[in-house]
């Protein structure tokens, strides 16, 4: 996802759009007809609004999976210190790794923070020593192994 | 989401389940009929499999929104140090705050790491000084303000 | 100075305003007439534009003094850790102290960073132990004593 | 501004000088005549004293601008760790960058602390990855993004 | 085990003692007769020497178990910061907890470092939030979760 | 010791095995006959069970020595930061050193934590500057010198 | 020793004073007569100059002892974090302890750094847990145990 | 001064030696005759004992100077991180610098801690950037500038 801030936003979400967003946040497969009925409009209008929201990049409807159920038992946030001049390349390269589900460039003590899903400790160790290690320009990493996921807005 | 590891997993995802998961990761609103056709099975079977995956907690289909498009321009990861005996209560209380989209209890330098979406710096400052400040048992916080989101698997 | 972001900005600085700003950055006492001549407009227009810029809060013309020449030989930046719920009060209270020339609330390792001008080490020590110490809600401070000021845009 | 401590200071500011300094700290464009009247001396004397104070480096009258009004929405203090033998060169090189409004060499955890004014997060990221990154001899940087400017003696 | 340094050590281990120690380090159940044969002395002498070494506190023969085989899958070293005046009481209290297999008071960044064996992440979290939390005088803890045990002289 | 998690564990310790383990934890040289008597089984069965537990890697009976009695007066835990791509090689190389009695790869602030037994400060200094220094890929080390060993489950 | 900077220093050390200082830095018991001879002045003058230097607080002639020879085998520098408002009282109280040979208030990560001479680890531990612990207002301490004294200008 | 621990110490200080040491700690130029009188022994014996204490390295009588009186106004403790394999060479090289009055190799966060006496901030900056910078093998330094010397056992 890119950090593009569009200055001109001709069509900002209105009440109907917001309702669609909220409904689909709960159930992404809710039928357009069902939403339309509650709003007392036609399903075609809902479908149209939905397509536009997707096109403009406001939302996507996707399946999100519970990592634990999918066999991922060792998850960690990793703070990364990089060599300054390679910061963005390092961010890109780490992002390509399958274990990485999330990566941000930040201000503060670390340059990059990313989240990884691994099967177990051995898998995490492999990730650190074989995959992350191959990325040029990483000075130091610090792993925060998850003990409990308390809130995750999608699941 | 709780960290419950079920020891007995009678019905683990098989190939058909996995196909459904993968397809819906791309498009959560793909019609059962469409998936069924590719797999050469009945839509009813796909519907049945889907319902079971949802019931067992393997997946959910939801709308995910681009925070920037939704007006959130100041996002941050926050590392929290708590008083030991209140660690889980603090985690629960912080989780209830609307700005918090993600919260984990971790091993390492911090006790808790959470992610917050705010509108702007003023909003983040309000969050830190008015909302987070009301949570009893927080010794110290350290904010990592996002400069760029490079990877986010849902969007 | 407050962090007020005005959404509506009817009169943004135009070329003439910018020229006045640039000129006065070099010499704040440059006569309106002199600036007017270079721009081929009337001094009265320059005076009017200047007053408007001041009124709207774009600029101020002030004397800035060289702290060393004024007898300040021990200057330091101080990082402050506060109790979360008192963060803004602490910021306000520290700001009132005469030695403090600059104070910001920040994200990161510290909650507040301020700059102080003191006469000598004894003066700084007094500031830390007598004045700063009286402010309720400061957990910890860390001083960075200046060894050399390399750039200061005003002087 | 250089850290030159003059041992011989033949003409230290007297009461009249101090009055001029204080008056101009409030309004740098106050007319010499106005100041002279309050002190019951001639404007020429005030002008003479003013010129001498400027010549000797005690003060300068300049326009100071409100960075927020000028479109700078992302400001940060940056702590820099350098390779020892290049400390002063690094300080000089960073100082040359336009975004840098302030830079000091300090004792303590960091070698250099500087302040930068950027338009937005993207601009700050560019500064860190493209401009700062080109400076040879920087081992590590840590950014403290401003959430609120509480005190700034000039504005 | 106490840190008692005996100044007078009348009977320091001689060659025969050392041989017994080395042999039993490899196999703690090696028969006295077997050791005696290699040394060309009587088994009774070996038995006598062994008893004396045990009495004087030089060695103990015990079963050491592989924690992984015993179901311990989450092991961690924990650095503890204590309130100074309770340092030794805290050390004693933490030592009493079953999960704790090792505890030392150290110089440096932490006051105490201990090692814990837990069944899984949930067990470790329980240990941190329920057991360790009950110990009065702990300011802060930092856990280092084991990813791989590379050397352990007993096993 | 390797981090091998066997998925299939046909013969998990039963009550009799556990009794043997517990008994031998107290006294590793307790006669099979003695254990057998308490359990009302034959010594041959105990011997058989014992051999199987050893074979499967559940336990070992060894002599453990009190380091202080053996002349080791300076013991320390050492946190090691490594170059990422050499993490496992560094772990292996440090493990080979005689002074090292324990070494783990961890998540968190350090990459490796190991424990060393040395005769005195001079010996520890030699270890740091001559032996550890020869290992390629160590960025930094931090030593925690033991002041008191409060718990050590073997001795 | 107090941090009193006398502004008026009527009698600054001249060449003869400096020679006396340098000579006595090497051997504090060198006879006045011997020094006088090298300078070709009277012993009485040397005696007079010496007394004045002592009176004015420029120098003292004392015996300095080698701590190791005196049985001190565990020496450490200790960084102390204090509660701000008690900083100077804490400094005074710690200074009174016999083990403390040196104490400074500093800028930076710590508030106070002091040096202690103890007999052994047990003695240091007693110092930390019994003596230092009784001083009110100490938040945290960090000990740096000496491994080797490389330079000490007096001995 | 070297860290040599002599095992055989045939002539340990007795009561008379101790009295001499204590007396000279207060006044290093106290006449042997005066000490002898208080002890009711001959001056020759005191002289003999004194010479032996000096020879064996128990004490030295030297002039110690008040650094502030000698014009040293900027003093600092400096924590140094070195490349492991050059630790002792770095210690030696830094020790040779005139500003360095004290240097120890330590366990803990830093590898070396030294104390420097400089005339002023500019002098300290020169020391850091010109002298210390020339020493090969220093990764990082952290300066703690003295604000007040509270205890110094010699002065």
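Which chain is which? They are A, B, C, D, E, F, G and H, in the order written, and residues in each are numbered from 1.
In the analysis below, a residue touches a chain if its C-beta (ideal position, glycine included) is under 8 Å from a C-beta of that chain, and two chains touch if they have at least 3 such contacts.
Only a predicted model underlies this, so the values are computations on that prediction, with no experimental measurement involved.
Enquirer: Can you list every chain in contact with both chain B and chain E?
Expert: A, F
Enquirer: G-H or D-G: which has the larger count of contacting C-beta pairs?
Expert: More C-beta contacts join the chains of G-H.
Enquirer: Quick one: compare the interface residues of chain A with those of chain F and tell me same or different, with half as the dividing line.
Expert: Result for this pair: different.
Enquirer: Which option, B-F, A-C or E-G, should count as the same interface as B-E once over half of the contact pairs match?
Expert: Checked against B-E: the matching pair is E-G.
Enquirer: Just give me the whole-number Å value for how far the CA centre of chain C lies from that of chain E.
Expert: 59
Enquirer: Nearest whole angstrom, what separates the Cα centre of chain D from the Cα centre of chain H?
Expert: Chain D and chain H have C-alpha centres separated by 42 Å.
Enquirer: Which residues belonging to chain E are in contact with no fewer than two other chains?
Expert: Residue numbers touching two or more other chains: 3, 5, 76, 105, 107-109, 121-122, 124-125, 128, 142-148.
Enquirer: Kindly provide every pair of chains that touch.
Expert: A-B, A-C, A-D, A-E, A-F, B-C, B-D, B-E, B-F, C-D, C-G, C-H, D-G, D-H, E-F, E-G, E-H, F-G, F-H, G-H
Enquirer: Help me check something: in the complex, which residues belonging to chain D touch chain G?
Expert: Those residues of chain D that touch chain G are 107-109.
Enquirer: Inside the complex, what are the residues of chain A that reach chain B?
Expert: 1, 3-5, 21, 24-29, 56-66, 68-70, 73, 75-77, 91-92, 95, 100-110, 113-114, 142-155
Enquirer: Could you please specify the touching residues of chain G with respect to chain F in the complex?
Expert: 121-122, 124-125, 128, 145-148
Enquirer: Within their complex, state which residues of chain F touch chain A.
Expert: For chain F paired with chain A, touching residues are 3, 5, 81, 84-85, 87-88, 105, 107-109, 139.
Enquirer: Spell out the part of chain E that touches chain B in their complex, as residue ranges.
Expert: By the definition above, chain E touches chain B via 76, 120-122, 124-125, 128-129, 132-134, 138, 140-145.
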